[in-house]
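The two complexes that follow have chain A in common; it is paired with chain B in the first and with chain C in the second.
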Partner chain A sequence: MMHKLNTGTVVALLLPLCALMLVFFLWPLGLVGWTSIYDNGLTLDGYTRVATSSLIHKVMANTLEISVIATLTSLVLGYAIAMHLARMSPARRGPYLVMVMLPFWTSILVKSFAFTIVLGNAGIINQFLQWISGGSWHIEMLFNRAAVVVGMTNYLLPFMVLPIMASLLNQNRNLKFAAEIMGAGPLRIFTRITLPLSLPGVFAGVLMCLTLSLGMYITPALLGGRQDMMLANLVDFYTRQTLDWTLASAIAIVLLVFSCALILMLIRAQRNQEAAN
Partner chain B sequence: MMKTRTRKQSRDTRRAWARLGGALAWVGYLFLLLPSLIIIPVSFGGGQELAFPPKSFSLDLFIQFFNDAGWWTTAVQSAVVAVATTALSLLAGVPAAYAFSRSDFPGRRALEMLALAPMLVPVIVLGLGMYMHLAAMQMVNTLLGVVMAHTVLVLPFMLVCVSSGLRHADPALETVALMMGASRLRIFVQVVLPQIRSSVIVGALFAFLISFDEVVIAYFITGPDSTTLPVKMYSAIRWEISPILAAVSTLLTLLSLAICLTLMALQPPKPQADQ
Partner chain C sequence: MNKKFPQRNDPARQSGQAVEPSRRSILKTAGILAGSSVLGFPAIVRAQAKSITVTCWGGSYEAAVRKSFAEPFTKETGIGVTLVNSADLPRMKVQVDSKNVSWDVFDSIGPQIMAGSEAGLWETIDTAIVDTSGLIQQTGPDHVGTYFYAGGIGFDPARHPEGKHPTNFAEFWDVKAFPGRRGLRSRISENLEMALLADGVDPNKLYPLDIERGFKALDRIKPAIQKWIETTPETVTLIGSKELDFTYTYLSRVLPAKAAGMSVAISLRQTLNSLEYLAVPKYGKKTKEAMQYVAFCLRPKQQAAFCEQVTFSPNAAKALELASEQAKANMPDMNDPNCVIINDAWWGKHYEQLQRRFTEWMLT
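Right, the complex of A and B next:
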């Protein structure tokens, strides 16, 4: 028997949440939308500039490229970690999970700062290169696209591991045993059974990582150079440097629309998975 | 004879593949831990230059951190913001999660989705909106503004945690308590709350750490009087690379580790994923 609350109680319990959401979430978002079309009168100027500016197109291409590469790198490493974790007994998995969860909980500033130490000119890798080469080798590793991808992959990995691990743990082990008895090799078992059955988890992880990376601000700002700006950095640039709030808001709305599309796909995928279970 | 050999062969290939996958997984683990493995030793190296491996052991950088009012006051402000955010999100989130799980009204799903949205909207968009909104209300550069923004940001995590706790709580107990004449408030405090206690603690820890580490929104809406630790860190990494950063990073990593271990102790890993 389901215990139900009466209407008055429900309204009272939901009131604080609704008030907060209205004043500090919907209102600010609405303000971004309004600012993007209003500048002393209704205008589509912001969107026209988004559609025509070659700088903004370049930044969009950057954003897409960096997001896709970082997501794919996370997928490869994340899948290996998820399989490694899923194969263990639950008791043994604990300490290994800490290795995934601690970075998940570590501030992105700490991680970015650590990478400036690792990749920098006086960093560990360059010190090592100079040491083995007697001072002649040196690679520029910071403030470029590779550094952004490394930093972002590090941030995204846990978000990839968790959903894939969940879908691997959900698989019926007997399918694998049956395939083994029938003589299938490990590669065949992986491509025919493990991988297809884990696709919902892969899909969820990929969409999650893409959503997160589209809006990434800190990593490109600290590890990238000028040519590695992403959309979020551009929003900040127009808000703070040129005080062009109309354009900043228009870019923010474009970013929001892209993210919403990905999120809707994610929700649909998860609903399908629930239906399948 | 033939048969045993093929079986041995297939076992060998299986092991080889498992080893390859395991090696790749270890590359992943090391990559994940790399930032912490670097930053902690560096912070104990002391001195003016950050070096790895550290040349000597000293607590210099930590002493510098606690002697520099510019640093530790921002840490105190961050702690104040995080505690206030946690309290507010508990006050708004726990009752809401209870209402969602024990009622059914038109638009409930839509409202639930709305409440989860701040988790998925890019923070930069929220930061920009909050900046313009607070500017209109003359609340930029106030800690209250940061608290309100962070509360909205952490509410989805609170709702998810508490709702999952409520799903495992038995509603029949509440019905019985109601029939025995207990008041709504008493039912909630004495019957529901004890059953969801660990979920509420998990939600509170989430809220605290997310708020304490949040930088993008805070960077938009804080000023000289309301700088939080992450904002100070962000500017320091960007403009000066002070060695104190290594000490701050180590302290933040230890905080994350403490919270991470508490969380894992509170929710023992289940053999099956929670659906």
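Right, the complex of A and C next:
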């Protein structure tokens, strides 16, 4: 189905996007980079403070930990959902896909508030637990790390489900039939055929979820406890409250480098995987 | 960051308080632009000289500012006032840094005004125009306080009737006598004052704050705090949703929520009172007119009119005499030593360093 395009057409098609990215992404990003090293003269002060502040180190570790946990939860849940969806007939899949997409269309702020009603001390789940236990059961589910992970997973799921489902749908069904004929059980078919062939989708999903969660801001602020602060919250603090833009930019750039390094690692892992196949 | 009023990442703002330009207003502006291009450039300059832009917080606040400051000011001086909402300090800084200032008066809370002062954004207040002698709280040379907003302990009177809820900070700290789920703000200012008052420091001898003693007192309340609240609306909504029993919240938030039917109240027996400020940015094109506006806002008559409409206390001493009994009933008694005035100048020097320590303290 691939059509060959000549170079001129490719350039013409890509030009508007490149121009847009240059003006609205690269230029502001360059400004952030410049602000991080310029404060009435060139300075590395911002980066020195990032390197020496135990607060920033703690928050950085937090950010990484929460992002990885949320991405893994999304992967497990998302894979199961994607497999279920891939098995359906296209007509049936429609309404279910809408349900997957629903979080996409809801403001993250509204969702975070809604989770207060679901997970809260006086929330639906705890009220139900109290009702069936006669008042003795109660689980703290809000204002802690679990709540942050739940909130983030809810936001991330569509980004995980869609690429995995696409790669599952692309698989040649005859491979499975062949394996069945050769006597493979469902588990073996999954581990030897379905899973390896879906890895590009998994990589794409993990990549998106990880990058998105590294920059999360509202969810940890609204659902988290005191130990769930993330780097974006610190950037906000230094940008808006203390006007320390050198430090804010330095943190932002470090976060960017951080994400890029993770992405590179993932891409390399994917290449190795492909080479091994 | 004080989010007493809706701000950029503030849920209340995003839930639709933002003032969006209607199609008609855009058409109108386009018409004016087209018209002025016909008349030539000087027409724009003339129109601008007769109008200043003042930042604002939207909602009922904007209505009160318009009615008691902006409109009477225009009537008296002929200078128009445009109120702009969702103004924040970073955008003000960009304007001053680029010397392209479009906001003539910046209306904001202590931490923002102090940070701006530190960054050298504000023009010195012209005392030949602005008379600051009658103010309750005198402040720095480049800003003036307009009114006080009170913070205190919020609770649900239906769940915690009289005697079952803390009324002052010592009682808030007393987890045994007043069991309940508690919420404090996620910033050090106000928390440190509360901790020291709870620890028995004389309200009259609060400043300079005893930082070490304050953090020790905070250590005691730390395990009892369910949520360190990031946004101001949550200080009320978390009580409404029965998620928390006692929070530090603001009179200006509790009264509208109560009027809207929520079962929530605030104890005025011990309050922290913070000033709202006006400042005039450097490199403004209408600095003189801006100073005139600032002076106008400090007049007792205007201050009294403003405080009738919103739940704040005036900074002009004489305005209190002019306020109605009804308005006074909703104001904390500023003569009561338990009603502490937050010292923003002290915080201006210590905020960044202490907030960093506080955040680290929260993370461990």
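Here is the rule we go by: the second predicted complex is superposed on the first by the 221 of 277 C-alpha atoms of A that agree within 3 Å, B and C clash if a C-alpha of one lies under 4 Å from a C-alpha of the other, contacts with A are read in each partner's own complex, and residues count from 1 in each chain.
Definition applied: a contact is a pair of C-beta atoms (placed from the backbone, for glycine too) under 8 Å apart; a residue touches a chain by one contact, two chains touch by 3 or more.
From a predicted model like this one, the values you see are computed outputs, not experimental measurements.
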Looking at A:F237 after the superposition, I want to know if it touches chain B, chain C, both of them or none. Which is it: first, second, both, neither? second
Is A:L187 touching anything from chain B or chain C once the two structures are fitted on A? First, second, both or neither. first
Is A:I117 contacted by the first partner chain B, the second partner chain C, both or neither? both
So, A:P196: does it touch chain B (first), chain C (second), both, or neither? neither
Is A:P28 in contact with chain B, with chain C, with both, or with neither (first, second, both, neither)? first
With the two structures laid over each other on chain A, which partner does A:M229 touch: chain B (first), chain C (second), both, or neither? second
With both structures fitted on chain A, tell me whether chain B or chain C touches more of chain A's residues. B
Interface residues of chain A shared between complexes with chain B and chain C: 107, 109, 113, 116-117, 217-218, 221-222, 236, 239, 245
Which of the residues in chain C come into contact with chain A in the complex? 1, 8-9, 11, 14-15, 88-90, 93, 111-112, 115-116, 118-119, 181, 186, 225-228, 230-231, 234, 238, 241-243, 351-352, 355-356, 359-360, 362-364
Chain A to chain C touching residues, read off their complex: 53-55, 58-59, 62, 107, 109, 113, 116-117, 120-122, 142-143, 217-218, 221-222, 225-227, 229, 236-237, 239-245
Which positions of chain A touch chain B when the two form their complex? 1-5, 7, 9-10, 12-14, 16-18, 20-21, 23-32, 35, 76-78, 80-81, 83-85, 87, 90, 93-94, 96-118, 124, 153-154, 157-158, 165-167, 169-170, 185-187, 190, 211, 214-215, 217-218, 221-222, 231-232, 235-236, 239, 245, 248-249, 252-253, 255-256, 259, 263, 274, 277
Chain B residues touching chain A in their complex are 10, 13-14, 17-18, 21-22, 24-29, 31-36, 38-39, 42, 50, 52, 88, 91-93, 95-96, 98-100, 102-105, 111, 114-115, 117-118, 120-126, 128-133, 136, 148-149, 151-152, 155, 171-172, 174-175, 178, 184, 209, 213, 215-216, 220, 230, 233-234, 237-238, 241, 245-246, 249, 252-253, 256-257, 259-261, 263-264, 269-273, 275
